[in-house]
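Note that subunit A is present in both complexes that follow, paired respectively with subunit B and with subunit C.
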Partner chain A sequence: MAAPLNFNSPKNLLVFEQSSFSNEKSRHKTVIGDHYFNCAVEVCSPNVAQIPTTVTASLSPSSYYIVRNLPLSRLIDKEFIEAFVRNGAFYAVSLNTRIDVANSVAVLPTGKLVLSVDKDMYETLGLEGRRSIFSQTRERKFVIEVELTKPSFTPGKKNYERTKWCFSERLNLRFDFVFTWVPHDKSICSSSVGKYFSGMGLSVSSCRAQMMSNTMKDVCVPDLLALNILENSQDLFEWLGAVSCYIDSEEEASNDFVSMYTTPSPCNICTQLTHAKWQGFFTPEAIAMVIDEIRLYLKTPDHPPWASVTVHGYADSPVSWRGKEHGYHQGGENIYTYIVFPNDNYWLYMAVGSHDVCP
Partner chain B sequence: MSTPTQDSAVYSELPAGVKRQATQLKLADDVRDGSAYLSSFLRRHVAPRNLATAAAANDAHQVVLLDTVVPKKRPSSLQKKGRRQLNARERRGVDCFAASTARQTYRTHVPLHTLWRGYMRSLLQLEPSRALAADAQHRLLKADYHGCVLTVARSRCPSLVGVAGIVLQETRCTWRLVTREDRLVTVPKATCVFTFELEGHVVTLYGKHFVHRPADRCSKKFKSKATIDL
Partner chain C sequence: MYERRVITKSEFHYMRVSLDVQNPAKALPVELTNVYFKQAVTAALTRLFGDIGGAMVAVDVLKYNEGDRSAILRVHSHNLVKLWSALTLTDRYMSRKCAFRVHQVSPYLMGLAVNSREYEHT
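Let's turn to the complex of A and B:
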């Protein structure tokens, strides 16, 4: 007889928390601030015709840049480190590099350069790293970390010269990067990094977040105030996902061949449910601003009963929360969702795939 | 052995003065007669057992040693084998082949490198603008690399990447190189890929193929290895 097939579902993790923004022990700031690379933001709210302009205004103008064929040796130039990495939060992640099959690079705002490289690259490059925690048995991947802002990482020092040699003479590594810079000094324009790179003859393009908005009429929406959240937290998260995918979850649709999904009860019919999605490259500061705008909006008269903000992290980023290692495996998801109530309470979901550590 | 001559001082007659006053000097009669003195001397100094064997031997005209002879120790079986060799651990302890780490400079080994270039050029019959001969691989496998400037192109240990130097010593699993900074570096063969340059050719050596004792390598029959993964 053949051996039984093992069809276990991949491990994933959903963390649920409830707290209040006014609680001084609330960790909402670190959850947002330590998740560096965000590629999409969704806002969903019932009983509103459209997303408030204050929220739209805080996300839409957030521009980011794409630089093509940037040599890694440029990122460790002392001039660059002094001007941008030290004087602001520089977020950069390599573009079109699948983390599970290719090498990928990221610069964290903490001033750390993280390379996730495969075995061949690791053996040829000549920089010390460590084995990826998600590839202990099968394909071998390695993680190399370079501390850019360390005082000892300076020309003339052994480690700096070695790193420089590895990036420029050993292998001339070039990557496409998507990046953005938030200077500490607000009087400096954040586009200076783009200027700096284009001054080197590199092709830099400026991009803006794309917005998609959709309003559904007369839909069934779960009654969050009547819902026992501790028992049904997964159902609610699933419903939010269904809304974001525009899945028809009406009663009559449950007999459909394609989808038998129904809205979790208790639910009541809302005249309209608005859902908006921005795609681009968002800094944690921008996300924090969105949450603040939502909180203000929920305090205005004729406010909706709640609003949700879902943030998607880059699936191919080498790190997720707090610079911890991240892998793709089956989906590479690293998502968090805030459901905000007018009384400053919030429900927080954090979802990660199998190749990720607990947020 | 020469017989004592009668005119030697021992056998000569006592002076006449002494003979005349023998009684005053209390000299016994037998002192003047040598044989009597001898027998009394033997009785006093030789064990009676030996004296008996000596008497018997004297009858059989044999030579006998009158001293008590201590028999010599017989040689043990280990010593009997002849020259004893050091075992492997002792040989390691002696460390007679270890290149001393001090005072190994790159400059002093440059002539060795020049010599090696000539050797390798003639071994491979190299010409600058021509490709390597078909059997160059086999020759490279069996060649001597003392004096070659090897560079680590790839390694399981990333900090070894880029190490370059003149080969000073080869062991079964390692090469010891003197770098340009006059450092003696031991590089494992099995987990590294090496390159060297000669007459415009850059030759890549997969260290895994060289894991043999250098003396064996030159006469070994090589089998192709399935993988060159580190």
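Let's turn to the complex of A and C:
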């Protein structure tokens, strides 16, 4: 008899944390602040007719920009570094670049330019980097990091001139970028970067976050206070995913042949469950504001028993948390979810795929 | 109170798939409801792994959209490779040429809620 076929799926990491915002050792500020490139935010709460306007107000107006065909050499111009990288948090990630098959670039708010390049590009470019931690057995991907704000990274210095020459003469690298800028000086308009790039004759377009909202009536919602979360953390995260994917568990569960999925028990019938999703480009500052607004909202009279905030990172960003390397294997998920309670306690999920470091 | 747990193995994997049928104008003999879609997935598994091998792979159709024949499937992580290969090798359903397209795969259902690769910035 033939041996049974066993195929392992790639490893993945789901981190669950339980803590409180009032706990002085709580890491919530770093978890939000060190996750730079966010493409979607979701808010979900039971027993509310609509998402509070304060939350909507902190996400909807956030505008960001797309610049087409930006030469990389422009990002290391001394004028640009002095005006924008040093004087604010500049977030930029290349657009329509698939990190698993092509090259991807990002500028972190810490002033670091990160390139994730394939072997051919690495060898042609001639800049010093290191092998990707996710392709140790085969030399496939390489990571190059350029510290833009280092005092020695200045015209006239060898490293600067070499980098400039590689980006402009060796290979005239151009990428489409989605970017935003948060200036340290609040009196300066954040659209200055867009004007700076369009002044060079580049095509810059302004974009706004798109919102989708959905309220479900009479749905089965897990009773989080009665749930043994440490044993059922995966089930609850799956249920939140089902809400985000607009899966109607009642309808699908009506036929056992089609699906055996059920809502985690114990659960109660809630008159309404509201879910809203924003897609675009969000800075960690905007997300921290959403969490703060949710915390305030949960302290108002007639507050819901909990609210969840889920943040999705860009699948093709070369970094995820704290500038740590990120890749795309079967998927490029780097997601975190906060479930916030009125007493300031929170449950946090951080989910990454196989090409990511444990957050 | 602070508690941290790291789960290294997801119990399930999730796939966003769709079924492309050649010449959609010439409709299939039946309306492809979620029951028929599930049957197409089961038929793909049985064809590759046999009656018993196919039946051992439990697949749930969590969501199905009849308009574009797209679905979200859930499968036990140890069966992901079997399901994926069975879907890839399918070329026919009800004697019509067809192909399963796999759009997204994730160990988390939440991972399928957003796809930054397909999002159009406006």
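Just so it is clear, the second predicted complex is superposed on the first by the 345 of 359 C-alpha atoms of A that agree within 3 Å, B and C clash if a C-alpha of one lies under 4 Å from a C-alpha of the other, contacts with A are read in each partner's own complex, and residues count from 1 in each chain.
Just so it is clear, a contact is a pair of C-beta atoms (placed from the backbone, for glycine too) under 8 Å apart; a residue touches a chain by one contact, two chains touch by 3 or more.
Everything quoted here is computed from the prediction, not taken from an experiment.
**Student:** Contact-wise, after the overlay, does A:E17 reach subunit B, subunit C, both or neither (first, second, both, neither)?
**Tutor:** second
**Student:** Going by the contact rule set out at the top, does A:D316 touch subunit B (first), subunit C (second), both, or neither?
**Tutor:** Second partner only.
**Student:** Based on the superposed arrangement, let me know which partner A:V67 touches: subunit B (first), subunit C (second), both, or neither?
**Tutor:** A:V67 contacts neither subunit B nor subunit C.
**Student:** Could you say whether A:Q279 touches subunit B, subunit C, both of them, or neither, answering first, second, both or neither?
**Tutor:** A:Q279 contacts subunit C only, not subunit B.
**Student:** By residue count, is subunit A touched more by subunit B or by subunit C?
**Tutor:** Touched residues of subunit A are more numerous for C.
**Student:** Just to be sure I follow: which residues of subunit A are touched by subunit B in one complex and then by subunit C in the other one?
**Tutor:** none
**Student:** Which positions of subunit A touch subunit C when the two form their complex?
**Tutor:** 5-9, 11-20, 23, 25-26, 39-40, 42, 66, 95, 98, 178, 207-208, 210, 230, 233-234, 237-238, 240-242, 244-248, 252, 255, 257-261, 277, 279-281, 310, 312, 314-316, 330-333, 335, 337, 351, 353, 358
**Student:** Give every residue of subunit B touching subunit A within the complex, in rising order.
**Tutor:** 153-156, 158-159, 161-162, 230
**Student:** For the complex, give me every residue of subunit A touching subunit B.
**Tutor:** Its residues touching subunit B are 122-129, 165-166, 170.
**Student:** Subunit A touches which residues of subunit C in the complex?
**Tutor:** Interface residues on subunit C, with respect to subunit A: 1-14, 34-35, 38, 49, 53, 58, 60-64, 72, 74, 77-78, 80-82, 104-117, 119, 121-122.
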